[in-house]
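What follows are several structures.
In the two assemblies presented below, chain A is common to both, partnered first by chain B and then by chain C.
What follows is the complex of A and B.
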């Protein structure tokens, strides 16, 4: 089998078009990966500048009322992972800025996609675009007639006479072409290692290995399927037509259609309905800015009892701070209910989408590519979750300062010092490790392995059946 | 062989070729599905807008009822007084909506990247967080919708490849191309006529689908003419190079390979490269100018003394000196503070102009790439015709800004004139608030 493989590669290197295209892709991939890294670094730099700019304003805050500071709030800027340079996933459409303030859980805004005319329907020219759309086509073109041409020029008979089995020949074809895809993958990964060496952690290393593994499996599926169709059809043209059609359906049609279907199975609310139902639930709770509410009266009574005083002005603390925090706590329950249900629906859609990998392995590839690059929905939801957790701690620290920092009820003009504001920690997003997320992607790996097993079985079976050469 | 004969021969070949016929029918079905999707989205937008308008009407009738019953606001909030222009404006929410174009079913464009309704208050701006896109699954957004424009711009060339890659290629594969040359006299014309058959087939299909939407949505055919011309021109963008590929290639495999390469270059690689270059030159904007205006500068305004606020407001509205407050030597703190949102609006406008300028520079770079990036040109032109491109939403942002300006001007003049609002005055307010650019 190794001899057949070596002969295959020799044959490839004698083909000028093959050599030209391989070099073209190799160089393109290195350049594209390099520019992906540069673009990512530039974006991270912009994000850092924005974060520092906003923090400086906070640090320079004059002595102010802590609750006014809660309204002043802060911002969380969505950070990108290092591997965003390979696959930016959903980052271009999610928005980058999240306002963190009192009384509200906001949504992330200002997506890159909304800041210009439409440019590319398939995204930026990053390695993922080449790996997902272009290299599979390249592999299809090099494998669609690998069997039929051997058959038509009589070389197949010659190989069989020399003692090779048809199965060995067919699988040698598959491996010889698959290795080309692997070489291209490795080139991109090596460029990542070289130009990102200082940033690489063990987690990024693991992610890169899994990314390599994922694409390697997908390329194997593409090559095996093409060779299988070539064996079945015994005709290059028919094999090419069907493979191209499958490629179009897998990469262009099905992802959109299945995405749409998942949205119909588990529909999302409209923004206006979502906001109204939250507002309705929110109105049932305490309103820190409404001095008349029933819940406020109850809280007032409980606080007076706790401190064993009869009037608010006799409290050793500032009741307004307690009231504002109570308002927050109620709001948090409302946000948890509504955002929780929204995120559950998004996760349910994602599950449907993942299962559809049994019909379309491209979906599993896309999920794993985004997942290992840290640019998929799970990572986005993690950013939102960390930002919201920070918001709650941030607002509580301000309300606590208002309540217990030294002011008394009714002292609206009381101000917390600049030192206090500077002591409030800023939001630092911790990129999650892959190990904390791996369970979400097992299904995608299993589906890809299922495809590999099925295709290997079919190809073995077909190459046994096609002995009537 | 006469042209008609070649046409008829090609028609028979097409009908008998199961792969080609199936692919063509599959494409037509996908187009119908995409138009159906477009109608769905259009209906969703219309229904949401109708609900918003209904809600707006309910809010208005609530205020009207307060006036009728001699009430000044909600019973549990006795500090609210709608006879004061400030509270009256706060209880007059004006929604600015972007009605979907009647051609929306033919192209969703960037419509899923933006919101299409916005509640305008005296603190609003066109970049507020409530103007973001509808809640949707981001992973679906990156895969896009199967919309009609996508099918024409990206899949129709692939259909064309499947239909034409073996024209002349099959004859060359089977080595009877010389026989064809002898029979037809001029094989280039023979190829041309065969190609014209498929061109006619696709032009007819696409035009018929566009016209069907024209009829369903009761649009004047003239409104869709530009779209028809654009789609037809786009088909020729691929037909012409494909003709030369067919004429000068040696086999069907070679033809298919070259055609696919052209598709990849025009639809994927060039737009992707431009996108990456634009992103390198103009990284995603974190909008710090707007954030500063919205937060730091706004809070700085809150801290200003009434004299300074008075002076700034007089600078924004020069005619304020004709109002009661403008002529009064004593500055009314409440009136001035109730109208200071006009100052914040001015700060927002300055920040927004900067953002729009940055985005315009980015767009100029994209437009500058059209000569070698034709697919992006066709894509954006198509979106312009269906009012779903960046500029349509920029116009919508201008509508929002107009509504904010309008509301603030009304609030400021009425407050400074110390007007007492009643139902008649309120009607006049509503007329003014509903006026558009």
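What follows is the complex of A and C.
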């Protein structure tokens, strides 16, 4: 088998077109990866400057009312993983800055797509785009006739008579082309290692290895399928046509069809319906700015009883702060209910999408590529969750300062000191480790391995007999 | 030894071989003459194990219908030897030998190619620049390198110049004298008469005549062949 492999590689490297295309893709990948790293670093740097500016504003805040500070608010910045330079996933459309303030939860803003005039279905040129769309085509074009050409020119007979088995021949063809794909993958990964060596954590290392493994499996699927079809059809034109048709269905039609199906099965509410429903539930809570209302009166009564006083002005604390926090907590419940349900729907859609990998391994590849790069929906939801948790702590600390920081009910002009504001910790997004998320991607890995097993079995079966060649 | 007994083979109800019986013994060169579609290639493919007969039995060496573990004892030269165009003649020979599990030194490979009539200055040239005859010579070298007991040759002289063709005949006679069993399919009446001990005429899948070459001249053989083809 090793002799056939070596001969295949000799054939590739003595083919000028192959050498030209390989070098072209190799250099393109290195350049795209390098510029992706530079772009990512620039984005992180700009984000850091903005974050420091926001924090400086906060730290320099003059003594103010904590409730005014809650409305002044803060910002949560989603720091992207360095692997964003390989696959930016949904980051380009979700945005990376979230305004945090009292009474309301805002949407993420400043997505790159929203600021770009260049709208493309395929997004920016990142290594993932080349790995997912271009390299598979390159592998297809160099494998579709690797078997049929041997068969049609009679060399196959000669090889079989010399003692090679058909199985050895076809699997050597698969491995020889697959290794070319791996080399291209490794080039991009090495560029990542070289230019990100100072920032490579064990988690990033693990993610890079899994990313490499994922694309390697997908390339194996593509090459094995192409060779299998050439064994079945025994005709180069038919084999190429069917392979390209499958590639188009996998990469263009099925993702869109399956996405629409997932939306049909597990529909999300429209933005207007969602906001109206949230507003309706929110209106049933305590309005911190409205002195009339049953819930407010019940809280007032409970607080007076707790402090054993008759009137609000006799309280040793500022009732307005307690009221604001109570309102906040009600708002949090409404948010948990609506967003919890929304996230469940999103996860349900994602599950349907993942399962569809059984008919389209390209979907499993995309899920794993984004997942290992830390740029998929699960990572984004994690950012939203961390930001919301911080917002709650942030607003509570302001409300607590208002309530228990020394002011009394009715002292609207009371101001918290600058030291207090400086003591409030800023939001630092902790990128989740892959090990804490791995369970979400097991299904994608299993599906890719299922495809590999099936194709190996089919190819073994197809190359079992040497008759009728 | 090669023995075909009552072989029937059809493709989509078209009879390719009809009750073919043929025997080639060690030391014998058997020439199979026939027009296009007579069944020569089908016979070769049956012997190589690429086709299975509908009925009848094939004996190669001493066992029936099982060539898989005897491939190292069979040398095959197809009508069109298609080599790897990016490899030189010597690299092609080396590659096919390695596939067969044979390890030859570079000098030995060169010697083999020269024995088969390939000029030494062509040994290291890529075969994309070779003529049909030059490729055929490498194909012959591939078969001879196996030092086989049985040789199956499908139009082996196709594309060879008269001198190389004559050298091939001599080579085959030498192999037969060492005990090799040789079956050669061809259109070339003169070459078959010169090379083979026994000649079979195949028409529409049937072996219509068997002649010992010593009993006929080339002209007589041509006359016999044409008569069979016309009737």
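The rule we apply is simple: the second predicted complex is superposed on the first by the 465 of 469 C-alpha atoms of A that agree within 3 Å, B and C clash if a C-alpha of one lies under 4 Å from a C-alpha of the other, contacts with A are read in each partner's own complex, and residues count from 1 in each chain.
One rule holds for everything that comes next: a residue touches a chain if its C-beta (ideal position, glycine included) is under 8 Å from a C-beta of that chain, and two chains touch if they have at least 3 such contacts.
Values in this document were obtained by computation on a predicted structure and should not be read as measured data.
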Subject >> Partner chain(s) touched by A:154 [first = chain B, second = chain C, both, neither] >> reply: second
Max touched-residue count on chain A (chain B vs chain C) belongs to chain B
>> Taking the superposition on A as described, I'd like to know which of chain B and chain C A:404 touches: first, second, both or neither.
In response: neither
Query raised in the report: After superposition on the shared chain, which partner residues are touched by A:15: those of chain B (first), chain C (second), both, or neither?
Result: second
Could you look at A:162 and tell me whether it touches chain B, chain C, both or neither (first, second, both, neither)? second
Task = May I ask you to decide whether A:7 touches chain B, chain C, both, or neither, giving the answer as first, second, both or neither?
result = second
Notebook entry, point to check: Touching A:145, do we find chain B (first), chain C (second), both, or neither?
Noted result: first
Worksheet item: Looking at the overlay, what does A:257 touch: chain B (first), chain C (second), both, or neither?
Response: first
First (chain B), second (chain C), both or neither: which does A:126 touch? first
Seen from chain C, its contact residues with chain A in the complex are 48-52, 71-72, 74-76, 78, 80-84, 86-87, 91, 95-96, 98-101, 139, 142, 146
In their shared complex, chain C is touched by residues of chain A numbered 3-4, 7, 10-11, 14-15, 153-155, 157-164, 466-469
In their shared complex, chain A is touched by residues of chain B numbered 19, 23, 30, 37, 44, 48, 51-52, 76-77, 109-110, 113-115, 117, 127, 129-130, 132-146, 150, 153-155, 158, 161-162, 166, 170, 173, 252-253, 256-257, 260, 264, 267-269, 271-276, 278-280, 282-288, 291-292, 295-296, 299, 359, 362-363, 366-367, 376, 379-380, 383, 389-391, 393
Listed in rising order, chain A residues that touch chain B in their complex are 32, 35-36, 38-39, 42-43, 46-47, 50, 53-54, 57, 68, 72-73, 75, 77, 89-90, 92-97, 99, 106-107, 109-126, 129, 133-134, 137, 141, 144-145, 236-238, 240-242, 244-245, 248, 252-253, 255-257, 259-260, 262-263, 268-272, 274-275, 290, 292, 342, 346, 349-350, 353, 370, 376-377, 380
